[in-house]
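Heads up, the next two complexes both have chain A, just with different partners, chain B and then chain C.
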Partner chain A sequence: MEKYITFAIKYGFLIVMAGSFLGFGLLEPSFWSWTNMFSILLGVTIVGILALGVTFTLIVDGFDLSIGATAAICVMISSYVMVVLDLNYIYAILISILLGITIGLINGLLIVKAKIPDLLATLGMMFLIQGLQLIPSAGMSIGTGMILPDGTEAEGEFAKEFLFLGQGRLFNMIPIPVIVFALLAIITYFVLQYTKWGRILYAIGGNKKAVKLAGVNVERYKIAAYVISGTISSIAGILLAAIIGRGDVTSGGGLLLDAVAAALIGYAVLGVKKPNALGSVVGVIFIGMLLNGLTMLSLPYYTQDFIKGLVLVCALIFTFGLSKSEI
Partner chain B sequence: MKSSKPIIEAKNISKTFGATKALSKVSFDFYRGEIFSIVGANGAGKSTFIKIICGYYADYEGEIYIDGQLVRFESPRDAYEAGIQVVHQNIEQGIVQNMSVAENLALEMIVSPEAKCIYDKKSILKRAEEIAKKMNLEHLDMEQNIQDIPQSQKQMIIIARALATKPKLLILDEPTSSISDREASILFERLYRLRDEGVSILFVSHYLSEVKKISNRVGVIRDGKFGGILHQPLEVKEIVRAMVGDIGSEVRRSIKDENEKSLLLELKNLTVEGSNHPINIKIYSGEIVGLLGLIGAGKTELAETLFGIRKPTGGEIAIKGTSVTFENISQAIRYGIHMVPENRTVNAIIPEESIKNNITLPFLNFFSKLGVLSKKNEIKAAKRMIDSMGIKCEGYSAYIESLSGGNQQKVIVARWLLMKHNIIILDEPFQGVDIKSRRDISIYLQENTKNSAVLMISSDIDELLDVTDRILIMNKGRILGEEKTSQVDRDKLLALITQE
Partner chain C sequence: MKRKFLVVCSIILGLFFSTNSLLAGGLKGAPPPFDGSKKIHVALIRQMTEGEFMQTFRAGAQVQANLLGIKLTVFGKSMDNQAEANFVYQAINMKVDGIIIDHGLSETMMKPAADAIKAGIPVVAFDVDLKNPQIPQIAQDDELLGMLALKQLVKDFNGKANVGYVSIAGILPLDKRDRSWQKIKKEYPGIKEIVKTGTLESPIAAKNADQVKAVLLAHPEINAFFAPYDELGKGVVQALRESGKQNKVKVYTADISTQDIREMIKPDSPWAATAATNPASIGAVSVRAIALKIAHIKVPHNILIPPMLFTAKELRAMKIKNMKQLRKKFPKFNSVDLLNYPWIPVDKKGLF
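Let's look at the complex of A and B:
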């Protein structure tokens, strides 16, 4: 019995995933087409990148609630830079990333120096950023040819190169955002698994005090985790702006919860019970695949959130419920 | 006072975890009105046995009888209702944070299913005072938040609460590990009274002198098997022999000639936070020096100053003749000062990590190039420490929680012995560590301290006598004296550390 449970905890999630992959394809052969595979991947890219970011803060026993808002403000700011300020797209990218780093740094300082609990500090930042993103464009979405508050027409436009980041494809097949996602995932996985930084981040999540007494500057690592989270979120924002091609004020909705759900589902992958890069990626792809498959089988769109919630609860049971915790 | 029929009998208790047999047919019985101690080396199966009696494991083999009736505990609640009360080693498990002292004492009144719906502060306070009085705790401020009182008083509160329920069997797991001698003697007085009132007490402690002092009988568990029962008159040596077998003659180091010794660490008029007394200490290479003092003598403050956690308020620290200052721990480590902090669970262990990762933690720079870890070198280093310190484990990748307490401590000590150092400070290294592991650690230190030195901090004279070459006595922030271990006068040491 114990053996089966151990096996279930370790491989259960992957088996369910493989099973649904087979099932959907058998019921609906077009599910297995390359076009559909990449459409699934493209669909989860933004959430997936954010899930990688939140993984870093979860590892140090923290939490970053501002990731979705950070991505959204970067959608707005990169649009603003190109459309309203009429600057080169390179500036749009640089300013967005700089903004992401700044937000992460502020989060880190609020948590480490001002000693505000993670959830509260980043919740505050989330509200602040959500409000801030509306101010430059006076609450309106930003698009090419929009009418500015002074009555004139905006002169700038979305650069082709910028749009290529979101809408282009490599070999006419692989979407560029998916490539960025894959690269970020590989880097994250490598850093967390094979470098001393990853080792120390995990150790801080395990016992902060012990790591401090081992001579590590724990505060700096914690701040770094939030800076990484902010930076990764800004990359997600840039890609999102490039995918939709306008500065949509509503683009950030739902990103946070989906990303957190994916990272939490990731705890169940291979039974590691810890936040991890592979798990977050698998988690987000699993949800994307499930929703894609079910939609093909004409599942109504309004059941999607229910399905996500169901998957999350089941994954959490896998992770925490099945393993007997000792008192 | 011993009645003829046992009140609780545990017969042929066995328990396996996966492939390992933790307990194999262990039988003990407990009589009304006696103090029964269980002793055993670490990993012998003591805690497993206790957990079974307390209902933590439902899937054991064997039988438990209470008053002749066969019972089977499915949960800790079952055991509790059968009159078995436990005071666990871990204090934080026994108290409710955010509650006052009174609420913690009268917890049963608040949480029991029969508790009144309306919070009645007056009667809770009254009940709490009754409970406190029995343990001579009247001096406590009942309104105070429990987080603000010292560990030792928390411990006394937990014990007082357990006693208040008039249990049939009271289990005390390492109850004295974080309380002072004076508090311990109050506790023992209370235990004697309870024993005379007919309560059966099961006592578990690593302090064999305590076991010898208070027990009527001593049960031994050895490698998961019944190791015999010792009756009075008890002798510590006999208890040790029953626990670990013959341990051979003691290792005694030949101390180097005075002339050969080179000065490693010198404190010149060093003052630490919260004390104005200048401290002067010289430690030479190859030495194991003890620092003896009661809780609150200022030992930990001194250690933390040496390790860069606190800044000295005056004076000088010199290493090999050169005066040094450090701003933080990592600089102290760079000067070759390593420290094993007290209380490994809180200050040292990284849970859910492997033994290897726990050992190499402070020295990841050494094991990485451009940030990328060389697992091969790490594994080699971890294996070397596991072998040389005799850490009992399934391998370097086993989780640290899978080890017994004594072996966990070995891992933490190994962490700081891994790399070359000038001086290693061990703060209460043997707290909650069984005798076998103590010996392993002691022997390792004695054999391997050559060009470095050890400063071992403890409030237990016997621990220091076993290992050290000389002992410094600290009292209220002052170094009162120094004794060579080979010609030590125990009574003089005791007088010095307790001197007002």
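Let's look at the complex of A and C:
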């Protein structure tokens, strides 16, 4: 019996995922088309990138709640740089990434030096950033030709090259954001699974005292985790701005919770029971595939949040409920 | 025994074929594919889903779709622009016969809409400028909507008022109504814009109420509000009631719904007037437009829905308590005579 339970915990999630993939395709053949697959991936790319970022902080037993806000402010900043300041799009990208690094640094310092608990520090930053993003444009969305607070018209526009990042396709098929997501996923997986660096991060999450006694500068690693989270969030923000094509003040609304849900579902993938890169990616793709398939089978759009919640709760029960409790 | 079995079988088969022919019946005198040759599937893709206007729009679209025998799949995630773009691609993958795009950002939706056209799927747009000569644009006459309400404001205040303006830049219909506001300010220098505020954060009415309460404290000289969207207007009214100022300030809006009417007819309501169209009619027109495109019948590029003005005084005098009574007493408001063909069934229940 125990062998079966272990098997269920380890492969259950992937089996359910494979089963749904087959089932949807059999019921609706257009589900299996390449265009649909890439459609699913494009839909979950932004949340997926954010999930990768939050995974780092979850590993060190922290929690970066500011990821959604960081992505949103990068949407506004990159739009501002291109449309209001009329600068080259390269500056928009560089400034956004710099902003992401800075936010991560502040988060890290608040937690490590000011000793504020992770959740509280990042929550505070989240509100701060959400408010900050509205100030440069006086609360308005940023688009070409918008009237600025001083009465003049904004002359800059979203560069074609920048928009290509969000709306372009390689070989007319693969959306560019999906390629960025794939690259980030591979790098993250590699760093966390196969480098000493990644192993130390996991160790810090497991037993901080032991790692400290072993001579590791835990504080520096923790700050690094938050800086990485901030940077990855800024990349998500840049891509989001490129996809929408406008500095939309409403962007970033549900991103935080969707990303966290994906990262938590990742615990159930391969029965790892820890935050992990592969799990976060698989989790996010599973949700995307589920919502896509069910929509093709005429599931009303307003039930989607319910489905997401159901999957999350089931995944967690599966992961934690099935295994023998460790005392 | 065998005979009974055969009788039952034939009854079942008979029912099967008769219901099948009912489904495959199609519309009398209709061009293909509405003559029953194909079951048409249309995607309605939305940016805004909250509020009575949006819900009534959808109800009208659904009823017209049912009358035409069209399967309508609705996609929408409140104020999520990236998701809206992705829904278009999902609809393309589902090989729908037509797409209605309801609100959205031009910059985000232009490419997905163009890709749909490239994939051979006709598209019509409501309240979002897709800048595509192949996509008919449906809109309320927004500039007139704004103008009707504002002219009433000017009349009520004899050309002199301190106005709080509640609106959001970047939403196409609101931008068009804003043009009327700019024109009125120029024409009547006594009408001053004291402050501009407004948000589309959910829940829209409540979040705007918070902002307006702050504005009222900071600017006690405001005696009127122009909020060209009824969710914003509801927020203003809520703020006025919570600040006890409902008798001192008047509110002018666009759109109308049962909730709006119920507030407007209250004896102490600050809600003075609103200009509106029947959102259900717009939903129905949108479905008719896409049906005509699917049947390869020419559709005008700009389809404009004319509005009407309703004052609180009028509603109280005519004892109108809800949208049903409003539609009965104002038949021109109720149904919009646009894109009607003899083969398109008319709604007999009076929704539009």
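The rule we apply is simple: the second predicted complex is superposed on the first by the 327 of 327 C-alpha atoms of A that agree within 3 Å, B and C clash if a C-alpha of one lies under 4 Å from a C-alpha of the other, contacts with A are read in each partner's own complex, and residues count from 1 in each chain.
To be clear about the criterion, a residue touches a chain if its C-beta (ideal position, glycine included) is under 8 Å from a C-beta of that chain, and two chains touch if they have at least 3 such contacts.
What you see is a predicted model; the values in this text were computed from it and never measured.
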item	value
Simultaneous placement of chain C and chain B on chain A, clash or fit	fit
Which of chain B and chain C A:Q304 touches, first, second, both or neither	second
Touched partner set for A:V269, first chain B, second chain C, both or neither	neither
Following superposition on chain A: angle at chain A, chain B versus chain C, Cα, nearest 10°	140
Partner contacting more residues of chain A (chain B vs chain C)	C
First (chain B), second (chain C), both or neither touched by A:I223	neither
Contacts of A:V211 with chain B and chain C, given as first, second, both or neither	first
Which superposed partner A:I46 touches (first chain B, second chain C, both, neither)	second
Partner chain(s) touched by A:M82 [first = chain B, second = chain C, both, neither]	neither
Lowest C-alpha to C-alpha distance for chain C against chain B (Å)	38
Chain B/chain C common contact set on chain A	none
Sites on chain A touched by chain C in the complex	28, 30-31, 33, 35-36, 39, 42-43, 46, 139-141, 143, 146-147, 158, 167, 240, 243-246, 248, 250-251, 253-254, 292, 295-296, 298, 300-302, 304
Residues on chain C engaged by chain A in the complex (per definition of touch)	49, 73-77, 79-83, 85-86, 89-90, 92-95, 105, 107-108, 111, 168-170, 199-201
Complex contact set, residues of chain B against chain A	18, 56, 76, 309, 328-330, 332-333, 339, 341, 346-353, 357, 361-362, 364-365, 367-368, 371-373, 415
Residue ranges of chain A in contact with chain B within the complex	2, 194-197, 199-200, 202-203, 206-207, 209-217, 273-274, 327
